[in-house]
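Please go over the structures that come below.
In what follows, subunit A forms one complex with subunit B and a second complex with subunit C.
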Partner chain A sequence: MLRSIFRTVTPVVSTFRTASSSLAGRRICTRFVTPVRLYSSESVDKNEITTRVIDVIKAFDKTAASKEVSPQTAFHKDLGLDSLDTVELLVAIEEEFDIEIPDKVADELKSVGETVEYIASNPEAH
Partner chain B sequence: MHQSLTKGCLVGVGTDIVYLPRIAKLLDKYTSNRDRNISRFHKITQKFMHPIELNQLDTLLTEGSSSKTRLTTFIGGVWASKESTYKALSCFVPHDMIPPAKTIYTGLFYKMNAKNGYPTLQFDDKFQESHLANQDFYRDFVKIPQIKPLISIAHDHDYLACFVSLSSYGKAIEK
Partner chain C sequence: MSSERVLVAFRHGLRATRVAFAGDTRMLLAARAQMRQGIINPPNPDLSIDDQIKHLEEVSRFLRQNLVQGKKVDSGEKYHLNIHKETELGDNESLKKTKKTLASQGGGCCGGGEGLYK
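The block that comes next holds the complex of A and B.
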């Protein structure tokens, strides 16, 4: 993916080098300098997010390591987590993906699948 | 001197029970010397403690004399007071008007001990200015009805129980 970005950038960079070599004491000819808009890499793949969320759950609660955890798994109903456990789990997930889950969203995340969907839709997730 | 009793109308009640060994486990897990663990512990407590409670917790943590039991009971008591109060609010605040749990837990009120050692709950009168998105909730369901909380906590060995009641001393609440 990075290669595809650099493929786009190269022609501009070479133009820039040509322009910069004659910059000293001269006005920049802006005709030859084309601004380039660079986009960040694609959001994290959903399958990868699911795997990472499940890993966090299994590491968080020892009993969950032996249970089957899937996108359909509900925190309270299937894993027996109460509200304090869920607070602790969501903090672990925030750290895993380097995000902060808004208060209102946190109240609504009741399952693995809902959590994955939220992270997938968050462009700041890593 | 006896305080005169003012007539109020009970509008909400909530309760919670905490298994204290799970709080002790939380403390053991996250308050070891590893910086990352302590950082996560602070992030967890910041999800449900008001800044005044966080200061109290910091004081207990830095005081070498604070026993683990004292810390466990403090954290368990704060958590139980939050859950109980949220449930009490849910008795009369419509679901679509109640702020998110973390907003209520960390911003709306805090638990303190009175001079006689009894727990009390105090609404934070700065909530309305610091939480502009929830101004209507505070105005309609706390300020105008003049909601006053009462809290009672009991703990015995591994369990802590908390009861919170909310009474209105002002204008009647209409759902």
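The block that comes next holds the complex of A and C.
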């Protein structure tokens, strides 16, 4: 829609060279900005999600606090959590973001990265 | 196969504790620890796995619908009850219905209720 407005506006100002060139500059600018705007309309930013997920993991009393946690960290393999711990941890993460992860999805989440991906894709997370 | 169902039931149970014990961290953690313990060492080891899973689901349902926590208001005799949207609230109509069915099922508790509700 913005584009069509610019299209109709451009011929009118085209006699003023400087004005039209500054308009053209703006046009590029808006195009450049659009994807950023889409990104920020996501409920929570991915880096922030990662930090918060890692915070929940560190606060979870069954994980060794000294262990490094990165998006590649797997719950079972790297953190040594058993299946019950993993369920507990995911419920704690659910509470942090105020969402409910459907059972089918939750059964498949095995690492920090996968969990972050899911939360980023959930529009209700905040 | 059944281990997955246990995990799902456990997840439902954990969520139910959040509903029942919101704002009471001590009970929340205790209930969760107990639930976990109950899965590792089942309280009724004679039951089949299916029945035990069912039992856990029933516990979750009970926590959500039939348990209400109260908190004393000030120093008086009043309690603030945490009745939430999942709490089961019967009305007078449904109460009457229950009575009827109890009597028709063979006389209520210990068979002593025959002819109690006519």
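In this text, the second predicted complex is superposed on the first by the 82 of 126 C-alpha atoms of A that agree within 3 Å, B and C clash if a C-alpha of one lies under 4 Å from a C-alpha of the other, contacts with A are read in each partner's own complex, and residues count from 1 in each chain.
What we mean here is this: a residue touches a chain if its C-beta (ideal position, glycine included) is under 8 Å from a C-beta of that chain, and two chains touch if they have at least 3 such contacts.
All values reported here derive from a predicted model rather than from experimental measurement.
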- Message: Looking at the superposed three-chain arrangement on subunit A, would you call subunit B and subunit C a clash or a fit?
- Response: clash
- With the two complexes superposed on chain A, say which partner A:55 touches: subunit B (first), subunit C (second), both, or neither. neither
- Message: Taking the superposition on A as described, I'd like to know which of subunit B and subunit C A:124 touches: first, second, both or neither.
- Response: neither
- Using the superposition on chain A described above, determine whether A:45 touches subunit B (first), subunit C (second), both, or neither. neither
- Based on the superposed arrangement, let me know which partner A:87 touches: subunit B (first), subunit C (second), both, or neither? both
- Identify the overlap between the subunit B-contacting and the subunit C-contacting residues of subunit A. 83-84, 87-88, 90-91, 94-95, 103, 106-107
- Touch list for subunit C against partner subunit A, complex: 3-4, 7-8, 10-11, 14-15, 18, 32, 36, 39-40
- Note on the structure: Residue positions on subunit B within touch of subunit A in the complex are 22, 26, 40, 43-44, 47-48, 79, 83, 99-103
- Message: Show me the residue ranges of subunit A that touch subunit B in the complex, using the header's touch definition.
- Response: 83-84, 87-88, 90-92, 94-95, 102-104, 106-107
- Query: What part of subunit A is in contact with subunit C in the complex they form?
  - Reply: 83-84, 87-88, 90-91, 94-95, 100, 103, 106-107
